[in-house]
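Sharing a structure, written as C-alpha cells. Questions coming.
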Amino acid sequence: MGSQILDQLKRGKILDLLKTGKRIDGRSLDEQRQLTIETGVIPKANGSARVKLGNTEVITGVKIQLDKPFPDLGDKGILICTAEILPLADPNVEPGPPNEEVIELARVVDRGIRETEMIDLHKLVLIENKSVIGMFIDSSVIDSGGNLFDACSYASVAGILSCTVPKYEVKDEAPVLVEGVTSKPPIKTLPVSVTMARIGDYIIVDPTKDEESCMDARITITTNSDGNICAVQKGGSDGFTAEQLIQCSETALSVGKKIRKQLEQLM
Amino acid sequence: MVKIMTQLMTEDGIRCDGRKLDELRDISIKVGVLKNADGSAYIEFGKNKILAGVFGPRDVHPKHMANQDSGILRCRYHMSPFSVTERKNPAPSRREIEISKVIKEALQPAVILKDYPRTVIDVFIEVLQADGGSRCAALDAASVALADAGIPMRDLVSACAAGKVADRIVLDVNNEEDQEGQADMPVALMPNVGKITLLQLDGMLKPEEFKTCMQTALIGCRRVYEIQRKALMEKYFQSGDQ
Amino acid sequence: MGSQILDQLKRGKILDLLKTGKRIDGRSLDEQRQLTIETGVIPKANGSARVKLGNTEVITGVKIQLDKPFPDLGDKGILICTAEILPLADPNVEPGPPNEEVIELARVVDRGIRETEMIDLHKLVLIENKSVIGMFIDSSVIDSGGNLFDACSYASVAGILSCTVPKYEVKDEAPVLVEGVTSKPPIKTLPVSVTMARIGDYIIVDPTKDEESCMDARITITTNSDGNICAVQKGGSDGFTAEQLIQCSETALSVGKKIRKQLEQLM
Amino acid sequence: MVKIMTQLMTEDGIRCDGRKLDELRDISIKVGVLKNADGSAYIEFGKNKILAGVFGPRDVHPKHMANQDSGILRCRYHMSPFSVTERKNPAPSRREIEISKVIKEALQPAVILKDYPRTVIDVFIEVLQADGGSRCAALDAASVALADAGIPMRDLVSACAAGKVADRIVLDVNNEEDQEGQADMPVALMPNVGKITLLQLDGMLKPEEFKTCMQTALIGCRRVYEIQRKALMEKYFQSGDQ
Amino acid sequence: MGSQILDQLKRGKILDLLKTGKRIDGRSLDEQRQLTIETGVIPKANGSARVKLGNTEVITGVKIQLDKPFPDLGDKGILICTAEILPLADPNVEPGPPNEEVIELARVVDRGIRETEMIDLHKLVLIENKSVIGMFIDSSVIDSGGNLFDACSYASVAGILSCTVPKYEVKDEAPVLVEGVTSKPPIKTLPVSVTMARIGDYIIVDPTKDEESCMDARITITTNSDGNICAVQKGGSDGFTAEQLIQCSETALSVGKKIRKQLEQLM
Amino acid sequence: MVKIMTQLMTEDGIRCDGRKLDELRDISIKVGVLKNADGSAYIEFGKNKILAGVFGPRDVHPKHMANQDSGILRCRYHMSPFSVTERKNPAPSRREIEISKVIKEALQPAVILKDYPRTVIDVFIEVLQADGGSRCAALDAASVALADAGIPMRDLVSACAAGKVADRIVLDVNNEEDQEGQADMPVALMPNVGKITLLQLDGMLKPEEFKTCMQTALIGCRRVYEIQRKALMEKYFQSGDQ
C-alpha cells in the first residue's frame, strides 16, 4: 500500500516533468540511455556479450551444439533464445521457475531475432531431417534498471555477432567436428528492438524502472536493417490510440537506426 | 516429409478459403452457455471453437496476492489436448502462458476493478479447436463472458487479426495464411473508447504496410464488436431459451 | 463452516424426500438424468463427442497417432483415456496439476474402457514390437453438475464410436499413411458405467452435485454388452453392506442396458 | 521377448503357488516396529513386505487444510524403488495417488475423527516389496498401525482380494494370477460393523460370479481380521519383547 | 521457540556429561552405537540390506538393469546411489520432492562409494559406448535416530555385497540375458563412512538425533580398505579447527576398521 | 570418442597451466559491482567468473520460515547455461543444491544473525563461467559481498582448494587437474578466528597426504584473504570510481 502511494507521487512528478518535455534523468522523450556493449566476456562460450543500458545490465552467452531438427522443420537449424532475471538483479525477483513476465521477456527477445530472420537457419543444416547446428542464446539480467526487453535483445544480437561457429564435415552419414576451423554465423540482417512506454499522453523511449512502475502501457517494436517492422508486443494494463502506435512505429525506426550503427561495429 | 505448398491467393485476390481480402470468417457467439460460471460465452470464429467462463469478483487465494486498493484480474488461456493436429500435452506451455498474459492485459483496461478491492475476477478460456487467430477469438469470447457475469466494464474488447499474404494486406488471417503468410498482426480494440489494448506482430511489414495492416485489423475489430453486441442483446433483451 | 451447516440442512431435506421415495429433482431412485450425446463436435479430432448428463457437460476428443508399443506389450496398440475438470466448469476447481480426485476420475474412466476390452488392441498393431496405433481419448468437463464418472465415460465411449482411424501400410519396415482411407476402430463391446450414491439407507443412481455433497459413499460399476461386470470403484468416506453392493450390481446392469441402447445408435 | 505362459491352475484346483482355491497366502503382522511413529505395523502377506506408520492427531500444515469441526485423515501409499521388478521412479505415480485415495476412504469409516477438530492423522505406507494384493496388505497394516497409535476406532479394517482364475473364483490373488487371470477384486471390510469400505474390480465377471467373488473375499477379510487381532493382542496383552 | 529452549537445555546437559567424558547413552566419545546388518531382506531385488545403527534403521535395495553409458563415459558401467527419508521415519519429514538435506545425504553416500572405487565400473561394460550394466542402490530410512549418513552408507555397501549380478552375453551386437547364471559384483575395496559431531570442544563419533540437534558442526569421512581417506563432507552451521579435523581423520580410520571387519563378514 | 590425455605435470613439478605446486591462479575481486543488490562482488579466479549479490536483512517470505530468535541465512549457487562446455539446463541441479547448502554452512559461522530476528539474508551466486574450484571462488565472492552489504561479521571467509595431482600435493586445483587428478579438497577458513567452515574431499589420500593437503589449502585461503581485504579496502578507503 505504502508503495502504491509512492508510485502515485512518482507518477505525479514524472508527469509534471513530461509536460515540460523533460524526464527525471534529463533525457528527451525519444532518447535512449547510454548503451555500452562488450563482447567475448565469456571466453568458454561460442559467443557472448555484456550490455549496459543505463542501469540495466545483461550478460548473454551463445552455445553451439549438434542437434536434431524439429519434426517437419528438417531443413532448418535450431535457434533458441532464453532470458532470465537473476535474483541478484532485483530485490523483488525470487528464485524458481520463470513467471509470466520472464516468459514474455524471453519470447519477445526470441521473436525479434526469429521474425527478422537475422540468421539464415537453412545454412545451419548438416544432414537434412537428421542433423543440424543448434544455437542457444541465453541472456541473464544481472542488474535490473528498466527496459529489459531492449537490453536482452541487444545482448543477444551482440552475442550472436561475436559468435564463432565450429565447422562440421559429414562423414559416413554423421557429422564430424573439424578441429580449429570456425566461421561466422550466417547473418542476414540486424534486428533492433525499441521499447516505449506511455505515461498519460506522453510516449517515452527506453523507460527506466521508475518510469515503468508508473507507466500506463508499453510497446516493443523490432525492425530489421531494411527498415521493415518485424515484431511487435504491446504490454501493460492500458492501451494506445492508433495514432500513438503509428508514432511509436516511426520512433522505433528512427531510434533503431542509431542502435543498429552501434551493433554494426561488432560485425 | 512431403510439404504441399498451398497457393494462398489467386491473382484476383481470392484467398485459399474463398474469402475476399477484407472478409471475416464466419463468427457466431453464444452467451451464458455454462451453468456454473458467473458468466460465459462460446465462440466459433472460423474453425476456432472456444469457451470462456468468468468467476468473480470473489475472494483471492492465496491471500497474499490480493490488492488492498483494487480488484485483480487473472486470466488463463488453455488449449485442449485434442484442439490441434498433434495431441497437445495438457500442461500449460510457455506459449499459452504468454497468451494468457497478453489477453489479461488486453481485457484489463475495460474492466472496472477499483470497486472490488481484495477480490479477484478469474477468466478461464478453453480452446476446444484451434485455428488461426485463436487469441483474438478467445479475447472476443472472454470480453462477452465478462459482460455476461455482470462485471462493470468501460467498453467491450473486440479483437481481430490482419496480416500480409502473397504481398497483400488481408483481414482475419486463417491457419494456412498464418503459417505460410508473411505477417500476422492480432489487434484488440475498445471500440467506443478508441483504445488498442492488444497489438502483436510476427512477420515483416514495410512502415506503410504496418499502418494499413493495423487499420484493416481495426475495421475487423469493429465488425466483431457488432457481433458481440448482438449476442449479448439476444440473451438480455429477447427471450433467450438456450 | 457455514457450508457444512448448509450441507447438513441439505442432507436432512434430501433424506426426508428419499423416505417418501422421491429425489429433489423429481427423479425416482434408480432413474438417470437426461442424457444427450452429440458426436463430431471437434471436426479436427479423429473422433469427438459432447455429452450432457443433467447439468453435467463433457467434451471428449480422440486423437490417433503412430506410436511405439509399451515394452513387453509389443502385440498391443496403445489406448489412453484422460479426464480433466476445467476451471470454468466449477467455482471450486483451481488450475494446476491434477489432484487425487481428478486422477481417480481419469483412471476409473480408463479402466472401464480397458477392462471391458471395448477395443481390440491387437488390431492396432502395425509392426509387432515396433509400431502401433495409439488412441488418446481426452475428456474435458466443462460444466460440473455431479456424476462426472458416468458423463466422462459416456463421452469417451461416444468419442471412440465416432472415430475414424487413418489407414497405414507398412513399407520397408515403416508405417506409411494411406491418404483418404479410414476405418472404424475395432470395437468388441460397449462399456457402460453406472454410478450410484448411498445416502443413509438409500441407494440412488446418477447423483447430482447436491446429492454428492451429502452422500455417505459412492460406487461406480461398469458392465459390458454381454452383461458382465468388468470394473468397480467404491469411493466416499463411508461403506456399503454386501447386500447393498449386490443390489448396486443389479441396478448397474438394468440401468446400463438403457444407456447402451442409446450408445448403440452411434455405431 | 519370450513370454512363458504359466499354467495358473491344475485340473484339481491347485493354484500355481500350490494353494487351494480358498486358501490365503502366509500372513504375518508385527505391531509397533517403528520408534518414531506414534503407531506402526509391518506386514508380510505372501511376498508383499509393507510398513505402515501413523502420526497424529497433530497440527495440520498447511493450516488452511484444517477442518474446524473434525480431524482429517491423510494417507500416502508409496512404493520403494526396489519393490518391483523394474526399478521404480521414487516420485509418486498416478497409480500410487489413486491407491492412496481409496485406502484413505477405506480407513475413514473406522476412524473416529470428530473428537479431534483442527488436527490431522497421517498414515504413511511404504511397500518395500510388492506382490499381488499389495493395496489390501497395505490396508491391513495401516489399520493395525492406527490401533497401535491409540487412535479411537469403530472397528478394524481388514482387507483381502478374491478373483477369477482359469474360470474359477479364488481367494487372495497372487502376482501371476493378477497379471494373467481373469479378474481381481480387492475388498476391505469392517468385520464387526459389517461394512465394506473398499471395493474395486478389474476383470470380467458374470453377475453370479460377482456375488461369489465378493463373498469369497469377505471370508478372506474375516480371516485376516483374526491375524490382525492376534498381532495386536501379542503386543498389548503379552510381554512383547520386540 | 519452545523447542529452541529445550535444545539449549539438552545441549547444557550433554556438555556437562561430555566434560566428564561421558555421553547421554553411556557411550564413550569415540564409540559407535551397535550396528546390526541383515542382507537379503528384499528377495525380489538383486541385493538388499537392513541396517540398524542404534535407533536408526535403513533398508537398501539394489536393482541391476541394462543401461546405456553416460556420454564420454562409454568405458564405465553406471552406479547410482540414492537416499530417501521416508515420512514414517520421522515426525518432521513431509512427503514431497527431496529437500537440500536429503540431496546432501544421497550425494555423500554416493560419493563415498564412488570415490573409494568400491566397484570396478570398467567390468560392468558389455559393449563399449553402447551397453553397460547399471547398478541402482536405493536407500530408504525407515527410522530416523541420528547419523543417517553412516547408516545409509553401511546399508548401501552391505546391499552391494549381497548382490548377485545377472550374466549377459553379447550376441549380434546386443546383450542377451543368460538365465540362471549370476556372479558377484566386481568389488575392489570396502568404503567405510564415519560421521563425527563437534559439540563445544568435544568430538563425538556417531551422534544420536539428540546430539545432532545441539551439535555445532559435523564431519563425515570415508576411508577405504587400504587406509586411504577418500571422501569428506563437513556440515553444520559452525566450523572446526585444523587440529580437530586431523583428529577426526584419525578417528575415522580407527573406528572405520572395526566397521570394515563387520562388513567383510558379508563378502 | 577420442580422449586426449593431458600430461598434468612435468618432472620438475610444473603444472599443465605453467604454475608451480604452491602457486595460485590469478585472482581479481571487484566490490560493489551491482546496483540493485545491497552488497555485491565479482571474482575472477583462474577462468572462473562469478558474481555474488546479497540482499538483507529483510522480511522472510514465506513467513513460516522466519525464526523468532535469530535471522536466517539463505544461499543459492547457480550456474548460467553458458558457463560450462555443454549447455546447462537453467533449472538447479542436485549438485547446485548441495553446493548451495555447503556454501551456506561455510558462511554461517561468520555472519552475526542474532541481531536480526525474523529476517533473512539472501546470498545469490551466479557462476558465469566455471573452472575448477568454482565453489571456493563463489564463497570468496559471497563473503566479500556480505561485507559490502554491511552485514556484521565475525571474520571474512576465505576459500581455496588443494589436491593431489601426479602423486604430488598442489595448491588450487584447476579444471584439468580436478577431472584427471587424484584428489580435490575445497577448504574454507575464517582466517582470524582460525575456523575451517568448509571441507570436502573427492579422491584418494593417504593419512599423511590428507594433513599436507589441508595445510596447503589453508595457505591458499590466507593468500585469498589478503586479496579479499585489498578489494574491500579499495572500495571503502580509496576514491572508488567503479
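Per-chain residue numbering starts at 1, and chain names A, B, C, D, E and F are given in the order in which the chains are listed.
Throughout what follows, a contact is a pair of C-beta atoms (placed from the backbone, for glycine too) under 8 Å apart; a residue touches a chain by one contact, two chains touch by 3 or more.
None of the values given here were measured: they were computed from a predicted structure.
Enquirer: Show which chains lie in contact with chain A and also with chain B.
Expert: The shared contacts of chain A and chain B amount to nothing, since no chain touches both.
Enquirer: From chain B, how many touching-chain steps at minimum until you land on chain D?
Expert: Graph distance in the chain contact network comes out at 2.
Enquirer: Which chain is most remote from chain B in terms of Cα centres?
Expert: Most distant chain from chain B: E.
Enquirer: At what distance in angstrom does the C-alpha mean of chain F lie from that of chain C?
Expert: 58
Enquirer: Rounded to the nearest whole Å, what is the centre-to-centre distance of chain B and chain C, using the mean of the C-alpha atoms as each centre?
Expert: 32
Enquirer: Distance between chain A and chain E based on Cα centroids, please, to the nearest Å.
Expert: It comes to 48 Å between the two C-alpha centres.
Enquirer: Please set out, as single numbers or ranges, the residues of chain C touching at least two other chains.
Expert: Answer for chain C, listing residues that touch two or more other chains: there are none.
Enquirer: Where in chain D do residues touch at least two different other chains?
Expert: none
Enquirer: Could you read off the chains around the ring in order, chain E leading and chain F following?
Expert: E, F, A, B, C, D
Enquirer: Which stretch or stretches of chain B touch chain A in the complex?
Expert: Interface residues on chain B, with respect to chain A: 1, 3, 68-69, 94-95, 97-98, 100-102, 105, 108-109, 185, 190, 193-207, 210-211, 214-215, 218.
Enquirer: Over in the complex, which chain F residues touch chain A? Could you list them?
Expert: Per the stated touch rule, the residues are 34-37, 40, 47, 49, 51-53, 55, 58, 61, 76, 78, 80-87, 90-92, 122, 124-126, 128-130.
Enquirer: For chain C, which residues count as touching chain B in their complex?
Expert: Checking each residue of chain C against chain B gives 41-45, 48, 55, 57, 59-63, 65, 82, 84, 86-91, 94-95, 97, 136, 138, 140, 142-145.
Enquirer: In their complex, what parts of chain C are in touch with chain D?
Expert: 1, 4, 71-72, 74, 100-101, 103-104, 106-107, 111, 115-117, 129, 219, 224, 227-242, 245-246, 249-250, 253
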